[in-house]
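Below is a structure I'd like to ask you about.
To keep things simple, chains are lettered A, B, C and D as they appear, and every chain counts its residues starting from 1.
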Amino acid sequence: MTGSSDKTTTNDKALPGAMLLGIDTARGGRIVTWLLVLICILLAAVEFVWPLHGYFEIEDQPVFYGWFGILVCIALAIFARIIGAILKRREDYYGSLSVSAEEHPAFDLAQEKADA
Amino acid sequence: MEHHSILRVVSKLLIPPMLVYALYVQFHGEYSPGGGFQAGVVFAAAFVLYSLVHGIDALTKVAPPRILHILAGIGVLIFAGTGLVTIALGDAYLGYYALAENPQHAQEWGIVVVELGVGMTVATVMLSIFIAFASHTRKLDNKDW
Amino acid sequence: MMALIEPHLPALQVVIPLVAAPFCMMLGRGGLAWIFASVVSLATFVISIALFAQTYDGTIISYHMGGWAPPIGIEYRVDILNAFVLLIVSGSAALVLPYARSSVAAEIPAERQALFYTAFLLCVAGLLGVTITGDAFNVFVFLEISSLATYALVASGAWANKRALTAAYNYLIMGTIGATFFVIGIGMLYSVTGTLNMADLAVRIADHGDSSTLRMGFVLILLGIGLKLAMFPLHLWLPNAYAYAPSAVTAFLAATATKVAVYVMLRFMFTVLGFDYEFQADTLRMVVLPLAIIAMFAASLVAIFQDDLKRMLAYSSVAQIGYILLGLSLLNETGITASIVHLFNHAVTKAALFMVAGCFIFSAGTSSISKLAGVGRDMPWTTAAFVAGGLSLIGLPLTVGFISKWYLVLATLELGWWPVALMIMASSLLAIIYVWRVVEVAYLQPAPAGVTRKEAPLSMLIPTWIFVGLSVWFGVNAMLTATAAGRAASALIGSSHILWKD
Amino acid sequence: MPEYYTPALAYIAAALLVPFVPKGFLRGLYLLLVPVAGVLIFWGLTPGTYNAFNLMGMQIGLMRVDALSQIFGLAFSLAAMLAALYAWHLRDTVQQVATLLYAGSAIGAVFAADLITLFVFWEGTAIASVFLIWARRTEGSFAAGMRYLVIQIGSGVILIAGIVLYYREMGTISFTAMELGSPATWTILAAIGIKCAFPFLHNWMHDAYPSATVTGTVILSIFTTKLAVYALLRGFPGTELLIYIGVAMALFPIAFALLENDLRRVLTYSLNSQLGFMVVGAGIGTPLAINGAAAHAVASIFYQGLLFMAVGAILFRTGTARATALGGLYRTMPLTMIFCLVGAASISALPFTSGFVSKSLILSAAGYDKMFYVWLALLAASTGAILHTGLRLPYLAFFGSDGSLRPKEAPGGMLLAMALTAALCILIGVFPGALYALLPNDVKYEPYTFSHTIVQLQLVAFVALAFAWAVGRGLLPKAERSTILDFDWTYRRLLPSIIRGLRRLAGAVWDRASRNINSRLDNLVAAVFQLHGPQGPIARTWPTGAMVMMVALLLGMTLVLTYL
């Protein structure tokens, strides 16, 4: 266990997950997004080459699962925001005797820092 | 108390006959009206009278509560023990026939012994109760009489 | 030796504690008296186990006192029902006495302890005598022996709290009225039939026919016993008596005194009077049944608002007696089974709970619920015992309380009385509330600063947990108790005449 | 075979022996082997009821072996074993005993042929499992455990009430399919509904599961709810109402899962949503749907367990499961991340994972029966699952904004458990035949048609795209340290305040009434004694006098009644 703070002494390059380093930067995000765009186009294209079959008429719409998924996502995001606006409270709303207001007891944990 | 001569004399006259009468009632219990209960009460009454005249302290000197308690216990033991003896002799609990060859004698003895126990218990318990209550009242001085 | 003693077991059952009592007094010292009393109670327990084993298959033992044959002599008559009750009484005594040592040492001055154990043994003897005897007048005599001893026991709480004296006095007045009613009632039956033997009474009353004397006797016996068993509006003596008596006494009385009175009620209502006449069933259903239901609610409600743990449990006892009376006033076999099985189940549960209260008094010095805040951390075993007992009081499955309520609900459903079944459930909810109050205070509230409380000594914890264990064991495996209660109920019904024919 | 023989017995006996096994390697091995012993008891038995006996005139059956009970029994046993592996590091005897009793009760319940046995084990799961919550040993977990216990025991009490009614009605206690319509069956359904977390009966789960210990939550997530699903499949297959309940259940928790900050709570919401699928399957009730529900229950035991394991490992190493404190963990916990992603893929029903082969059974069942709206709603719920658990959860934990935490990789036991569970998820996905062979009904189904595979890939890819885009723009609701009010608000806030109000009211009424009655009683007693005028001790101390009055009144009343 290293006693000092993380940023200064930990050399990220030496960590086991270094392969993915940079994926959580803005650039990494853009790369992932464009990769997904490419995959989506490919998958949509498949549908136009080999027609698909479903149980209901609606499934015969072009790229039904694609736009349905996106629509639902938008709807859920909006819905969740509304719910959040109504139901969100401080973390210690239920007082000091609630789990969300307390830390997990240390005896149940083994917090070890990764060696750089 | 010492100068209440009339009371002292009268009580001394009365107490012995009361005790004798109590014994009479006690020992004729098996064939005439009477028995341990009545005898015990009469017996205790004699002591109560003694205490009324001579004071509760005098009574507790004659009959210390500790002794009374033990005698009460022994009385119960005589009564209940008789039953256990008859069991040991092979009859039922309080089955007096086991006590003697002659069934009449057996019954008589059984009753006499049992009544003795009852009499003892009743007399001593009556006295214990009396002492318990009387000890709580204020003592009278001679000039209060 | 065994062969010599065995035929005399019914007599010895009562005589041993009776003879032991004066011995105990003469021992004079607290410790010795305690050891002696414990050994004696253990012996009576062994005897009652033997009697229970002999009668479990339905055998009836009849013992003739002094060798005089029944209608004239006094008969001790043991069947499965009173063997079951004997077991409850002697078993409770055998378990409470080990517990009493520490508790009594803390609550009663040393020079009086021998007298305390004497009164305790007399009380045991009286209760056993009431249960075992087959003679109606003898019931009265033993009832008085046990009651007088009980008054003394309750009054011996005065060293801890002077109010025990008024409580004992109230109890004395009420108990005496009850006993008077009872003896007058028996007198009326005697004047009608000319016999005091219960079995003989049953036969002769059946031959005698209805009369106003009989009715009067019935009512007097009903109310006299009603007083002794704390039937709802006649229960007023009970809360104070239980609250101010020494802890061990409360635990013992709660387990036995009212139970024995219920036994007498069952015996007189079903065996002696035997339901030859409609007025009996009518009175039971129109007086006892509503009162039982009111008791279930009213007493539970009062319990909710009590601050003293012992008073709360006492009121809960009044409510539980309501269940017992409800069972018997349903007048069907399942109902009576429920009553009898609840005799045992409630005895076990309440003894455990009052013992817990005693542990609190011993270690925390109080039985006031509000002062027990956070006690669950300081006295985990004691508090856990309370939770287990409380669950049984509520009637949670896998506890004995559930078994009783199961039979009770079945009995009401057999009659098609849905509302009553619902009321039983609803009143259980009240039990949840008053049990929960204690749990909440004991576990969820922080302990007041500066208070130190040690766990109760093992000599108190072990008997407590034995009762708790019994309440779980017989809750999981109710075979023995339910079978015994069922057989007792069918024997009672078999001995009554008219009601069961239609 | 002896009368009392049931797999539960192996667990209970083993649980009693746990304290005598030395802690460490031996104890761990012992806990791993118990489920094996459990499986040996029922594996290979031909279908039928074993160990039946009579109890107070009721037919008790401890071992009903058929395909349905066997598949649940097997899945539970396997999951218990994986959980034991996951908890290899644990040195807490209380939790180990509780786990065995809990697993044993759940498996015992699955094999129960009658309702009484079911009830006993039903309560067994409730009582044993609460110790996993209490094992956290904090004030909060104690209170949460209490609430959990009250609700779970409540479910049992309702169940036994239903059983009594059912026995009265049908004269039997055997646990078979029931027709909804009488008070008995409604009551039983309500009891199952509580354990199954039906909407508005659900909140115990989101309250209690995140309150348990690291390993406790994993174990809790396996048994209780799946047992309830089993009970629905056994007791109420084809009950139409369940379809609507299930749909509501699948949709309802999505918004909460999207908002919630505590990742373990996110998982309970997604678990709740997945249960909705199974309830729909039970409601549709066709052989295919029943198969689907059973398969999905089995699959979800593992992938949901895997997700809980991964989040548990994070908690174990970082001390928190709050999304706001996490992020960027891929650097130091790459293996946990991979396993978590396998779980996420499974719940997203990506082809070649277990979710794909099980969820499609239920959707197809709805499709075959032309239940368009049900199908559409389930599709939406699947989309939600992809969004909140498939993408948001791994994103928040492993990627997202770097929380500057550099914890060590999870310990070996946890990694091995997760690896095996992940392998199981993929194996089921690649070789669905093995799972299908175990299902209760003999229905031919081929999940890997070309169309099906492509459309599912489309759905996942487009949702992922939408998610990536939304994340880039910050459009999704942010994870914040917060409490999202749920139905537990009613009993944690509303009910207490109502009770406080009522208590004040009742107190006032009680005071007023008792003062009133007391004064009247005083007057009455005084009046009566004025009339009779005795100056004896009874009159002077009125409480005794009042008691005696009571006696006299009652005597009078009773006499009048008796002479009528």
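The criterion applied here is as follows: contacts are C-beta pairs under 8 Å (C-beta built on N, C-alpha and C of every residue); 3 or more make two chains touch, one makes a residue touch a chain.
Nothing here was measured: the structure is a model prediction, and the numbers come from that model.
Between the chains A-D lie more C-beta contact pairs than between any other two chains.
Relative to the C-alpha centre of chain A, the farthest chain centre belongs to B.
One inter-chain figure worth recording: chain A and chain D are separated by 26 Å, centre to centre, where each centre is the mean of the chain's CA atoms.
Note on chain placement: the centre of chain B and the centre of chain C lie 35 Å apart, centres being C-alpha means. Separation between the centroids of chain B and chain D, computed from CA atoms only, is 76 Å. The distance from the centre of chain C to the centre of chain D, each centre being the mean of the chain's C-alpha atoms, comes to 42 Å. Residues of chain B in contact with two or more other chains: none.
Residue positions 97 of chain A are each in touch with at least two other chains. Multi-chain contact residues of chain D, defined as those touching 2 or more other chains: 143.
Under the stated contact rule, the graph of chain-to-chain touches is a line, running from one end chain to the other without closing. Every pair of chains meeting the touch criterion is listed here: A-D, B-C, C-D. Within the complex formed with chain D, the chain C residues making contact are 166, 169-170, 173-174, 177, 181, 212, 215-216, 218-220, 222-223, 226-227, 233-234, 236-237, 279, 282-283, 286-287, 305, 396-398, 406, 409-410, 413, 425, 443-444, 482. Within the complex formed with chain B, the chain C residues making contact are 4, 8, 11-12, 15, 18-19, 21-23, 25-26, 63-67. Of all residues in chain B, only 69-70, 72-77, 80-81, 83-84, 87-88, 90-97 touch chain C in the complex they form.
Those residues of chain D lying in contact with chain A across their complex are 89, 135-141, 143-144, 210-211, 213-214, 254-256, 258-259, 261-262, 315-321, 327-328, 330-335, 337, 364, 367-368, 370, 372, 375-376, 379-380, 383-384, 386-387, 399-402, 404-409, 411, 450-451, 454-472, 475-477, 480-486, 492-493. Only residues 6-7, 10, 12, 15-21, 23-24, 26, 29-30, 32-33, 36-37, 39-40, 43-44, 46-47, 50, 52-56, 58-59, 63-70, 72-74, 76-77, 79-81, 83-84, 87-94, 96-116 of chain A touch chain D when the two sit together in their complex.
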